[in-house]
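Next come two complexes built around subunit A: one with subunit B, the other with subunit C.
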Partner chain A sequence: MTNPSDMRGTDDAAALQVETDHRANSVLEGMPPSEAEPPEGDARSLESIGRGELLRRRFLRNPGALIGMVVVLLLILGAIFAPMAYQYEPFERDLRNALTGPSQYHWFGVDENGYDIFARTMVGLRISLVIGAGTALLTTVLALIVGTVAGYVSYKGRWGAFVDGALVNLINLFLVIPSLLLLMLFSPVLQQASWLWLIPLLAIFSWMLTARVLRAMTQQLVRTEYVEASRFMGVNPVTTIVRHIIPNIASWIIIDTTLGVSAAILGETGLSFIGFGIQYPNVSLGTVLQAYNIAAPWTWIPPAMVLAALVISVNLMGEALRDALDPTSGSSRV
Partner chain B sequence: MSDPILTVTDLSVGFETEAGHVQAVQNLSYQVRPGEALAIVGESGSGKSVSSLAVMGLLPGSAQITGDIELMGKKIFTMNDRELSQLRGDTISMVFQDPLSALTPVFTVGDQISEVVRIHHPDVSKQKAADRAIELLEAVGIPEPRRRAQQYPHEFSGGMRQRVMIAMAIANEPELIIADEPTTALDVTIQAQVMELLKSAQEMLGAATILITHDMGVVAGFADRVLVMKDAQMVETGDVEQIFYEPREQYTRNLLSAVPRIDQGAEGGSVAGAAMRKVAEVATSEDSRPREERPVVLAVEDLHRIYPITKGAVVRRKVGEQRAVDGISFDIREGECMALVGESGCGKTTTLMEIMQLRTPQQGEIRIDGRPTGSLSRKERAKLRSEVTLVFQDPMASLDPRMPIGDILKEPMRVQGYSAKKMNERVDWLLKTVELKPEHASRYPTEFSGGQRQRVGVARALACDPKLIILDEPTSALDVTVQAGVLALLADLKTRLGVSYLFVSHDLSVVRHISDRISVMRKGQIVESGPTERVFDDPQHEYTKELLAAVPIPDPKVARTRSRNVIDAAAFRGHAAGGTAESSGSVRA
Partner chain C sequence: MVRFISIRVLTYVILVFLATSFAYLLAASLMHPEEVLYPPIATKPVPEGTAQAYLNARNINPDVPVFQRYANWLGGLVRGDLGVTTGTNKELSPVLEVLKQRIPISLRLVVLGTVIGTVLGVAVGMLTAVRRHSLGDRGATLLSFVIVSLPTPVVILVVQQINQAIQNRTGFGLPAINPVNPLLHGWDAFLYESKAIVMPTIVLAIFAAASYSRYMKVTTLDVLGSDYLRTARAKGLTRGRAMNRHGLRMALIPMGQYFAFAVGSAFTGSLFVELMFNWQGVGRYAVSAVGIADINGTAGVVLYTGILTLLSATFADFLQGILDPRIR
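This part shows the complex of A and B:
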C-alpha cells in the first residue's frame, strides 16, 4: 500500500538529499551526487570550481565515499520505487506461506504472521530515511541557533555573558535529562497524532553536543578581525552571524548533519524495536526487526542488513566528507 | 682564505602538492667561511627558509631534493637522522623566528639549556650542565641568571626568550649558527639589542652565521656578505657594501629602494629608501592651508582605560589595576595624518578600540567632528560608522574568506542603505582607486596576494567616504616592496580625497614618510608629540631618542658606527662558576 503521506515523505527525503548536497555546493561546488549543479558561466562559479574540483577529487579518491554514495543512492531509489512495483503490501497477509524462506514471490520470505518481509523492509526504509534526514536537519537548526547565539553574545558585556550562561545551562540540563525514558513516555502519545512527531521528539534530545561545538567555533570566529570589522561597520549581529559566521563553519555543519542522519536512524529504529517508536499502521525498520523469529533467520537478517548498510554507508560518506573538508589538513587551500 | 664551513651546490627543493609541483628552491649555490656572516634576504615565499632547513636536514620527507650540501667536508644528504642529530645543536645551531613557540612551556629555561649541553656531552654531570646554563644566561645578558634559570618560558618577555634561544644556540660553540628571522616578532628596541647580541656572540665564537631575513636594515649592520633571493632563485650575491651601494640587479635595487629609512639622507650613497622618499613627497606636497584653519576631525581628550586586576573565583576582589591608556589627548585635523607610535603593550590598540567603540570612555572624551561619542543615539552612531573606518593589521584575517571581495566592499554600504546600482558603481570605483581591476569583484580573498588584500582592506575603509581612517599597523604584515606600494597608495589617497589618517605603528621609519604629526606613546601615555620633522630632527624625550637609535639603518657604513652591547665573554668562559671555572666552563675547552 502506497499511502499519500508516505509518498510525500519519500519525496522529502529525496529533496532533502539534494538539498543537503546543495548546501554543500554553496561552499564546495560540484559535490556529487548532486543533480542540481549550480549555474555555470559567471566568474563566481568558475572560481569556486577550483576549490570544488579539489574537494571532489579528494572525496572521490576515498573508496569508502564512492561505495557509501552508491549504496545510499540504491537504498533511496529502492525505498521510493520498490513498494510501487512489488506485488505485496506491507500489511497484506499470506498466511498460507507463513514462516517460509525467500522465494521468487516473497523475495525476503514471510514471517509467522504472513507478512512479506521485503515489502515491510522497503516501506520501513522510507520512514526510517525520512525520520533520519528530518531529525538530522532539525537537530542542526536547533544547534545552530543556540550555538551561534550563545557563542556570539558571550563576549558582549555582562548581559551577553548572562545569556550565554543561561544557554549553556540549558544545554547541560538537556544533557542530564534521561532522554530515553522521556522518549518512551511521549512517543506513543504523540504517535496517535502523526508518526512525523517522532522527528521533533528525537531532535530535541540530540542537539546539545552539536550546539556546544558550534558555540565554541563561533566564539573563535567572533574574535577574528573580519567579524570585528563588520561590527565596526555597524552591521547588525544577526546579519553578521548569517553572513560571516555560518558560512565559515558550514563545512563542519555539513559533516555533522550527515553523520547525524545515521545516528537519528539508529535512534528511531531502536525505539521502534522496543515498541515505543513507529506504531501501527506504519512500519519502520525497527518494527520489522521487532517481529523477528530467531529460528527463521530470513525474518531478521535482511532488514538488519539493510539497516546496517544504510548506517554504514551514510557514515562512510560523512567520514569522506570530513577528510575532504578538513580544515586542519593544511592543503585545503589551492 | 680558509676552507668554507658550508658549501651548498646547486640545491633544488620541490614539493608535490595537490595544486601541482611547487619549486621552493632552484639551483642555489653558496659558501660560508668560518667567522663570516652571510645574510640571505628575500620576501616571503622566496625560498630562503626552505634552503636553510635543508642545511639542518629538517625538510619533511615529501620534499624532493637535488644538489649537494657539504658541511665541514661531510655531505648532509648521505647522513641518516641519527648522524644529523649529532650535528644539530652541536656543529650547527638554529635560532628560530618565534621565541614563543621555540621553547617548551613545561620545562624551566635552565633545564632546556642544560639539556642542549648534555645531549651532546653526556659525560657532563647534571649539576655542571645546570651551572653552565646559568653562565650562558648571564652571557646573553639576562639579569639574575641563577633565579631566572628556575623560571618557565612564559615568565620571560619576547626579547628575553630570544636571548635564551641564543644562549641555547651558542651553548656548544657551534661552527655555524643559522638565525631564521630572529627579530621579526620583536619590538624595534629589543630587535636592536638581540641583533647586537647575536653579532657579538658570533664574533666571540668565530662561528659562521647565516642570517635569514626580509629586513635590509638588519642586514646592513650584521652581514659581511648578502645573498638576495626571489622566486626560489638567487638574484644576486656580493659583499654587503657592493649590494647596498652598487646593486647590479633591478630586483635588488627595488628591494632596497622600498626600505623605509629613518635618516632621509642619500649622503651615505646607499640606494636604500629611494622609493620611500617619493612617498613622502606625495604625502606632503598638497594642502597649503595652515593646520589651525582646518576643522578638527577627531579629538581625544584625557582618555583613560583602566582594567581592574581581580583575584578570587567566587568573590572577585580588585587587587590592582592595569592602566592601559592613561590620560592621553590629541586631535587630528582634516587631511592630516597623525602617527601614534609605540612598542607592543603601550596602549596603542586599546586607544583605537576605545575610539572605534563609539561609546563613552571610562574617563575623558572622544569627539568626532565635534560630537562627543557618548551622547550619540543609536541611529547617529550607525551613521558615524561610515565616517570612521578601520584598516586592520593582518589582511589575511580581516577579510572573510567565504565572501567575494565585491560583497566585502558592499557590506558597509549596505549598512548605510545605498541602492544596488550605486553600490555596483561604487565597487568599480573603489577597486580602481586602490589599483585593482573591477573585474576582480567576484573573486575570493584567498586568490589575492597579501598586498592586494590590504588594498581591498583600504577600499573597504573608503567605501562610504569616510572622514577618518584608522590604520592599525597596515603594513607590518607585508613585504617591504609591497609595503612601499601600499604606503604610496595611502599617501596618494590622502592628498586626493582629503581623508585624515590615524596611523598606528611600532615602526618609526615607516611613519616618517607618510605622517604629518607624530605622537610617541609609552605605558599608556603620550611622551612626545609634534610635527614629524621636529620629532625626528630634535627629539625631546629620552624614550623617543631611544626609539630612534634602535631603528636599523639600511646603510652598512652608518650602521657600523652605531654602538653595540657585547656579549659577556667572561661569563661565557665560565667565571660565574668561580673556582671551578676551568672544569665547568666551556665544555669544549
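This part shows the complex of A and C:
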C-alpha cells in the first residue's frame, strides 16, 4: 500500500484484519469449523461451476450492483429514446416560458435562455455517456501499454532500467502538469474538428495513475516461473505480455475501466461547465449545468441529479465488480 | 535523509521546468493573440511597423520562430520576469504583478481547504476503520462515496443553495459571492472576509476529506491487522494509545504519497470555487487567460501550479522522512 493508485477496497484490508484478529481466530476462541459436513450452499457441496457463472453470481448478490445496473440501463435507454420522442429540441427557445418550473410540457422546466432543460439533459447525457465510455477504454489501453512495458523491461539490464526510469518520469511529468489547464488549451482548438476529439484528449491526461499500478503488478509477475520459462523458451516479449501478463491483471483492468468511466464523465462535465469542453452545436451535462440559477433551483437540480445518478451507479458497479473479481475480498463465496 | 530529500527536490524542479516549458510551447503554438490586430470590422489594416512593435513588445510575434520566443521568455524567467499579459487584453501589465495580486486570494483558499480536509479525512478514515461496521462507519463511508462521485460544480451549487435556503428562512446567511466588500473598512471588512471564506473552504475541505478518508480507511485497516499493533496491545497499552503511538504513524506513511498530488487537485477545485463564488484568484485568471489567448499569463499560471505541486510534494517527502525511520 505504498502506491497512491492502489484502489483496493476496504474489504480486502478487513479480511487481513480478521485473519489476525484474535477474537476471530478459531484457535484462541471458539471451536474450529467442522470439516465433515459442509453446510448447504457451500462450495464443496456443489458441482464445479465456471468462472463466468461464479462472477455473475457474486456480482448479482451485491444489491449495489443491481441498483447501479438498473439505473445505468435506464439512463442509457433514456439517452437514446427520450430525445426522439420529446417535443422540444435542445436549442429550441421558448422565451415566453423562460425560468418557469417543471410543467406538463417542459418536464424539467425552462432555463433563463428559454431552453427546455429535459431536452438538453437527455441530449447531454448521450454525449457524456459516449465520452465516458470512450475515454475509459482509451485510458486503459494507454495505461496498459505504458504500465506493462515499464514493468516488463525494468529487470532487463541497464537499458531496461533506463527505459523504465524514463517511463516513470513521464508518468510523474504528466502528474505535475496541471491537466485542466492543458485541456483548456487544446479542447477549443480540437473541438472545431469534432467533439469526439475530447475522448483522446481526456485520455491523454488521465492514464497515469492506472499505469503506475499496472507497472507495479507487472513487475511482480515478471519474476514468476512461467514468465521466466517463456522468456527462456525465446517467446517474443509482446506475446509473453499478451498471453501471460495481461490475463493475470485483467480483473484489475476491468475494474479500473469501469471506475474510469465515471472519472471521465466528471472530467468532461467539469470542462464543459467552465466553457472549454463541448461547444455550441452539441450539449453535454456540463453545459446544461452552466445555466444554473440559484433563485430557480430547477435549472440545476434535475441535470445534477441525472449526472449524480449516472456517476454513482457506475461507481457502485465498479465496486461490485471489484468484490466479485477479487479472490481475497469478503464476497468470494460461491 | 537530507540526501533523499535533495534528490527528490531536484527531480521535482526538473519536472516543473519541463512542465512549464511544455505548457509555454503549447500555448505559443496553439494560441493566436495576434488576431486582435485584424478584427473583422476593421476598415483598413494596422500599419506594418505598428503591428510588429505591438507584437514584439509582448513577445508574441508569429514571424519569430516559436523556440526563439521561448528562449526570450526563458531569459526573462531567469531574471524573475514572466512577461506581460497578451491576448485581447492590451494593457501590458506584468504577469508577475497580476499573479502577486491574485496568489494570496487563491492560496488562502487552497491551503485552508487542504489542511482542514486532510485533518478531517485522516480523523474520519481512522475512526471508521477502528469502528468498522458501526452506524457512523456506514454513514461516513456512504457520504464519502457520494461526494467523490459528484462533480465540484454540483457540490458548490448544493452548498450555495442550502445557504440561500437558510437565508430565505431566517434572514441570516453567509455572503453568497465575492471575497471582499469594498464598502466596508477595518473590523467590518475582516468580519465580512472571514464570513465569505467559509463556504468556499467547506467545498474544498469536504472534497479533500472524502477522498482522504477513503484512503485512510484502507491504510488503517492494513495497520490494524499488523503484528506490532498486537504486540503493543500485549505489552499493556490501551487500544487508543496503541493506535495513536504505533498505528497512526504507520498508516500515515502511504498517505504522504497522496498528499504530494493533492494540492494539484485542490487547485482544480479552487478554480471552480473562484469561478462560482466570484473570487479574483489565480484559477479565475487561468480561465480568462486561456479564453483571451494570453500566452504569458497561461505559462505563468502553469508555473504557479507547478511550484505549488513541487512544494507540496517536497513537504510530503519531508513528512514521510519524519514518519518512516527506514528512510532516515
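Heads up, the rule we're going with is that the second predicted complex is superposed on the first by the 278 of 334 C-alpha atoms of A that agree within 3 Å, B and C clash if a C-alpha of one lies under 4 Å from a C-alpha of the other, contacts with A are read in each partner's own complex, and residues count from 1 in each chain.
Everything below uses one rule, namely that contacts are C-beta pairs under 8 Å (C-beta built on N, C-alpha and C of every residue); 3 or more make two chains touch, one makes a residue touch a chain.
A quick note: this is a predicted structure, and the numbers were derived from the prediction, not measured.
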{"item": "Partner chain(s) touched by A:His244 [first = subunit B, second = subunit C, both, neither]", "value": "first"}
{"item": "Which of subunit B and subunit C A:Gly157 touches, first, second, both or neither", "value": "neither"}
{"item": "Subunit B versus subunit C as contact partner of A:Tyr226, first or second or both or neither", "value": "first"}
{"item": "First, second, both or neither for A:Val176, with subunit B first and subunit C second", "value": "second"}
{"item": "Touching partner for A:Ala304 - first (subunit B), second (subunit C), both, neither", "value": "second"}
{"item": "Comparing the two partners subunit B and subunit C, which touches a greater set of residues in subunit A", "value": "C"}
{"item": "Partner chain(s) touched by A:Val235 [first = subunit B, second = subunit C, both, neither]", "value": "first"}
{"item": "Touched partner set for A:Leu266, first subunit B, second subunit C, both or neither", "value": "second"}
{"item": "Complex contacts: residues of subunit A adjacent to subunit C", "value": "1-4, 6, 8-10, 13-14, 16-22, 169, 172-173, 175-178, 180-182, 184-186, 189, 262, 266, 269-270, 273-276, 286, 289, 292, 294-295, 297, 300, 304, 307-308, 311-312, 315"}
{"item": "Subunit B residues within the subunit A interface of the complex", "value": "17-19, 356, 381-382, 385-386, 389-390, 392-394, 397-404, 411-412, 414-416, 439, 442-444, 446-447, 460"}
{"item": "Subunit B partner contacts - residues on subunit A that touch it in the complex", "value": "27, 42-44, 47, 54, 57-58, 224-226, 228-230, 232-235, 243-244, 247-248, 250, 331, 333-334"}
{"item": "List of subunit C residues in touch with subunit A within their complex", "value": "11-12, 15-16, 18-19, 22-23, 26-27, 30-31, 129, 132, 141, 145-146, 148-154, 157-158, 160-161, 164, 176, 217-219, 221-222, 224-227, 230, 253-254, 257-258, 260-261, 264, 267-268, 271-272, 275, 286-287, 290-291, 298, 301-302, 305-306, 309-310"}
